[in-house]
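Both of the next two complexes hold chain A, though its partner changes from chain B to chain C.
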Partner chain A sequence: MAYVAVKGGERAIDNAHAWLAATRRGDPAVTDLGIDQIREQLGRAVDRVMAEGSLYDPELAALAIKQAQGDLIEAAFLLRAYRTTLPRFAHSEPVDTAAMAIHRRISAVFKDLPGGQVLGPTYDYTHRLLDFGLESGDVPPPPAEAPVDGGPMQRVNDFLKHEGLIEADGPAHETPGDLTREPLSFPASRDVRLQALARGDEGFLLAMGYSTQRGYGGSHPFAGEIRMGTVKIEIEPAELGFAIDIGDVVLTECQMVNQFKGSRTTPPQFTRGYGLTFGHGERKAMAMALVDRAMRAEELGEDVTAPAQNVEFVVYHSDNIEGTGFVEHLQLPHYVDFQSELETIRRMRAEAGVSQ
Partner chain B sequence: MTSAAGYNFAYLDEQTKRMIRRALLKAVAIPGHQIPFGSREMPLPYGWGTGGIQVTAAVLGPDDVLKVIDQGADDTTNAVSIRRFFARTAGVATTTDTAAATLIQTRHRIPEKPLREDQILVYQVPQPEPLSRLEPSRAETRRMHALAEYGLMYVKLYEDITRFGHVAISYDYPVMVNGRHLMAPSPIPAFDNPKMHRMAALQLFGAGREKRIYAVPPYTSVVSLDFDDHPFRTTRAPQCCGLCGADSSYLDEIVADDKGGRLFVCSDTDFCEERRAAGHVGPEGVAA
Partner chain C sequence: MAVLARASSNDIAACLETVSPLVEPVVLRGPEQGLVMVRGRIGGGGGAFNLGEMSVTRCTVRAGAQVGHATVIGRDAALALLAARVDAALQDPGQHEALQTAVIAPLAAHQAAAKAAEAAHAAATRVEFFTLQTMRT
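Now for the complex of A and B:
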C-alpha cells in the first residue's frame, strides 16, 4: 500500500501565494491598475471597504481593494487588521451633520423644506442601460454648478420636534461604548448596536431591513431624510481645552421616521431609526436605519417576534469579517473530529445490527 | 529572525497584551469560567485561530520555544502559517518536538506525550459556550452558568442514551471543571478529554470571534459529563498505527485507494516520528 505523507505545507503555502500574486496581476501586457485609479474611479467600492473596515482612509482602502482583487470583504478584512495596530490618541467630538457640506439631501416626507431637495450624484432615475461609451473612455462634460448658500441645512427631525410629534434625542451619552475594545454583552445599548451596524455587512443589513418591510417586524418607515456630504472631524486635546479641526470625512446619514401608536408610558408620536456610514453608502444607511428601529422593539413595548428585532441575532451576525472567517474555516482540516464521528457512527451502525 | 518591521514583539501592542493577561489571570482564578475580553482584529481570519494566537502573543516571551499543531500534526498548513506568524513577528525559536516546547498552540488535539509543569498548552476555540447548541442566547447561557444550571446538558445526554444507547458526542465533549463550571474542551476528540484531568501544564483557551478566554490551572479536576450507569468512555479506531505500530494513540484514517483500502496512522506526528526513530515499526512502515 503506497502512502505519501502529507508533507511540505510550507512550500505549498509559498507556491500558492506566488500563484495568487500572478493571478492578481493578470495578463502583464495589460497596464497595472493604479491605486489612484481605484480611489478615483471605484469610489463606491472604496467607501464600502472603509465603512466595513471601520477605517476612513481612501488611499489604504484602494490599496486593500487592489490587494484583494476586488473582493470587498477581503479588502475590509485587510483594513481591519491594519486598523487594529493603530494607536488611539484621541476621541473625536460628535460630528455635526447639520453643518454638513451637502452633496445630496432628499426627504420623502416633505415636498419641499428649507435647504431644498438636492439630488446630488445619484444613480436614481438613471436608466440601467449599459453605457458603451465608457468602453472608449469618454470624458463626461463638467456638471452644472450653483452658488452655495452657506448656512447649515437643518435636519428634517428638527422641523417635527417643535410640535413634539417625533421623539427627542436621547440623553447625551458620557462615553459611547466601543465593541472593538469591550466585548459585546446583552442587553446591548443602542450606541453599541449602532456601532455594530455601522461596521456591519451591507448585504446582511439590506436583507434584514428588507425583511422588516415584508412583515417580519414591520415599523411603517418613511425616509425622513437622507443626506450625504462632508463633515468636519474635531478633537479636543486635553492640553488645549478647545476643539480643533483635524480633517474632513464624507458621510451618509439616514433619519427614518416610523409610525408609533404610543404605549402606556409614551404618547403617540413618530419614532426614529438611524443610519450613518462612511462615504456614499445610501443603501447601507437606509437599511441600517430600518434595522436600528426594528431592534428598538423591546424598548418601545412592541412584541419581539422577527429576526430583525432580535438584537443578539442581528448584532452577532452582522459582521462579515467574523462571518467570512468562520464559514471559510470549515475548509481547515477536521480529520480528527471526523475520525471520532466515523468511529461513533460505525459503533452505532454495529449496535443497530447493520451488516457491512 | 527578528520581529517584523513596524510591529511590536508578537504583533500585539503592550496595552493589548496587558488586557489579555488580566483576562487570563481572571480565567485561571475561576477555572472553566468564560471571561469576556476585548478581542482584537487579527491579520488571520476568524475561525482560524485568532483567539489562540492572541493568548499565545500575550504569554509568549523571547526565550520561549513554540510548537504549533493542527489535528495533532506540525505540518498541516494552518499550523505552518501560525508558526510562521510568530517566527516573523516575535522571532522566537520553534520546534516540532513536544518535549522541547515551552508553549504549544493547538487546534483539535492534545499531544500524546504527557505535558509538564513548565509547559503551557493554548487551545484554539471556535465556540467557547458548551451550551450553545442547546440555547443560542448568550444572555441566557450566562445566567445558566451563574446558577450552575446544567440540567439542559444532562437531558441532552440522557436523550442520546435513550435513542442510541450511549452519548452521541464524539468531539468537543462537555466537561465539568473544578466541580463547578461546564466547559467546552474545544473540538478535541473525546479520546483526549481524560488528558485534561489534573494535567501538570497550564491550559489556556482563546476564542477570538466569540471574544472569550478561559483556563484550566495545573492539576485541576476536569471530568467528562456522564451518568453512574453510563460512564464516559473514549473511542479510537481499533487498529494500530500503520507506521509506528502504536496501539493506544489517536489515529487518522487515510484513504489509501479506491477499493476501500485504509491506512491508519498516528494523528500526533511528533509522537509517531519519535517512536519510529526509536525503532518501532508498524505493519505498513519501513524501519527508520
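Now for the complex of A and C:
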C-alpha cells in the first residue's frame, strides 16, 4: 500500500519549525556558534558530511551541521539537496594520489618504506582520556617542524608489483559510470561500486568491513597503506581545451592488501581493496577498502556467502540518505493505509471465526 | 591560474594596488556557481571512478582585447571575477611582466611557504618503528 498524502496542519507545522529554530539556538545567553568555528574546530564532522553528502565544500558542510544541530546524516541530506540545484560544469582529471602532499602516511606491512611512516595529526597512540584542558580553552603549542627530505612518496603496492606478488591496478582509460546520472543496475561494475561506497554511510561500511574480519567473507586484510593529505584538482574547461589546476582538496586513501590463494586463471598473489574519501576519514577509507575487496569475491572466483560480498545488498543499503528517507517516512501520517489494513485484519478474523 | 585559484580575493587585490589599475572588464559569463565531479582511480592508478562533487565558481571576462577565464574551488564570486580579470590582463604582453612580479610571484611564494610549513609538520611526525622479536616460537 503506497503512502497517501495528507493536507492541513500548516499552522502547527510552522509553529513546530519555529520551536525547532529556537531549540537549535539554545540558551541565548550562550554565544552563537559561528560557521567558521565549525569548519575549523569540528573538522572531522565537516569531512564526514562532505563525504556522505558527496559534495566537497567545507563552508556548506559547516552550515549544514549547524542547521542540523549536529545531526550528521541530516546535514549530509542538506548537502545532497543543495547539490541538485547546481549545474555540473565539468569532471576533474582523475586525482593523482601518488603526488599527494602528505600529512599522514603509514603502512602496517612495511616498516622501512621509502618516505617513512608519517603519523600526521592522529588520534592513534592517544590514551583516550578526556582532556579537561579543552574545557578551559588552553591554547595548544605550535606543532613541531622538522627538515623535509623531499622526494615523492611511492605507493606501497608499487614495491610488490615488480615481482608480480600483488595484482596491478588494471587498465587506466575508461569513462566511469555515474550513479547520480544513471539508475543502478546489477551486476554493478567496480567504478560504480566505489562511487556508492565513497558516499556511503561510515557506520554501515564499518559494520560491513568488520563483518569480513570476523569471518563473514574473510579476506585476511593488511593495511598496506593509508595516506591523507592534499591533492590538486585539474579540470579541462571546454572553452580552453587544456587542463587547469583549480586548487587543492584533502583526501584520505587506503590500500588494503589481502591474501589470495589463486584461481584457475590467476596465480597466488596479494589482491587489493581500495578506499578513497573526501577529507580526513581513515575509518571510512579503511572500511571502504575492506568492503570493496569483499565485493570482488565473484570476480576473483570466491564463494559469495557473506553480506559484505553481496554487491546488491551493500550498494542498495550503504546510502544513509536513502535509508533515512525510507525509515523516517514511517513517522509521517499513514492513516489511510492503516485503516485499510485494519479492515483487512477484521475481515480475516471474521472469516476465521474469531469471536470478539 | 593555479596560484590565483588558491589565493584570496583580498590578497590579490592587495597585490594589485602596486600596479596600474586593471582595465574595467566586460563580464561575459558569471561569476556563476556550479559543480565539478571529482574523479579518482581504482586502486590509485587504474580505471577512473566518480568520487563525489565539489563546489566551484567560474567567470569569464573580456578586458580590452583579452578574454580571461577562471574556475575556483568554493563559492567566492569575488575571487572568480578577480582571477578572471587578472587572467585576461596576464595575456596582455604589456602587463604580463608587471603582474607576474607584483601579483603571481608573491602569492606563489606565500603559498609555497604554507605548503612547506605543512610538510615540515608532517616530517616532525615521522617515526621509526622497531620490530620486536616475535613471541611465537
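In this text, the second predicted complex is superposed on the first by the 342 of 356 C-alpha atoms of A that agree within 3 Å, B and C clash if a C-alpha of one lies under 4 Å from a C-alpha of the other, contacts with A are read in each partner's own complex, and residues count from 1 in each chain.
Note that in this section a contact is a pair of C-beta atoms (placed from the backbone, for glycine too) under 8 Å apart; a residue touches a chain by one contact, two chains touch by 3 or more.
These numbers were taken from a predicted model, which means no experiment stands behind them.
Asker: Should A:K66 be classified as contacting the first partner (chain B), the second (chain C), both, or neither?
Answerer: In the superposition, A:K66 touches no partner, neither chain B nor chain C.
Asker: Taking the superposition as given, does A:R283 touch the first partner, chain B, the second, chain C, both, or neither?
Answerer: So A:R283 meets neither chain B nor chain C here.
Asker: State whether A:Q339 touches chain B only (first), chain C only (second), both chains, or neither.
Answerer: Touch partner of A:Q339: chain B, not chain C.
Asker: Could you say whether A:G9 touches chain B, chain C, both of them, or neither, answering first, second, both or neither?
Answerer: A:G9: touches chain B, not chain C.
Asker: As a test of reading the superposition: which chain, chain B or chain C, is in touch with more residues of chain A?
Answerer: In the superposed model, C touches more residues of chain A.
Asker: Which holds for A:R83: it touches chain B only (first), chain C only (second), both, or neither?
Answerer: In the superposition, A:R83 contacts both chain B and chain C.
Asker: Let me test your reading of the model: by the given contact rule, A:R347 touches which partner, first (chain B), second (chain C), both or neither?
Answerer: The answer is first: A:R347 touches chain B but not chain C.
Asker: For A:R48, select first, second, both or neither according to whether it touches chain B, chain C, the two together, or no partner.
Answerer: Neither chain B nor chain C is touched by A:R48.
Asker: Taking the superposition as given, does A:R296 touch the first partner, chain B, the second, chain C, both, or neither?
Answerer: In the superposed model, A:R296 contacts neither chain B nor chain C.
Asker: Residue overlap on chain A between the chain B contact set and the chain C contact set?
Answerer: Touching chain B in the first complex and chain C in the second, residues 83, 87, 180 of chain A appear in both lists.
Asker: For the complex, give me every residue of chain A touching chain C.
Answerer: Contacts found on chain A: 50-51, 54-57, 59-60, 83, 86-95, 97-98, 101-104, 111, 116-122, 143-149, 155, 157, 168-180, 190-192, 194-195, 198-199, 229, 232-233, 235, 237, 239-240, 244-249, 251, 253, 255, 272, 274, 276-278.
Asker: Over in the complex, which chain B residues touch chain A? Could you list them?
Answerer: Touch list, chain B to chain A: 7, 11, 13, 36-43, 45-48, 50, 70-73, 75-81, 84, 107-109, 126, 136-139, 164-166, 168, 170-172, 187-191, 209, 211-212, 235-237, 242-243, 250-254, 256-257, 261, 263, 265, 267, 284.
Asker: Once bound in the complex, which stretches of chain A touch chain B?
Answerer: Residue positions touching the partner: 1-3, 6-10, 12-13, 77, 80-81, 83-85, 87, 180-187, 312, 316, 321-322, 324-329, 332-337, 339-344, 347-348, 351.
Asker: Which stretch or stretches of chain C touch chain A in the complex?
Answerer: These residues of chain C touch chain A: 1-2, 5-6, 33-56, 58, 60, 69, 71-75, 115-129, 131.
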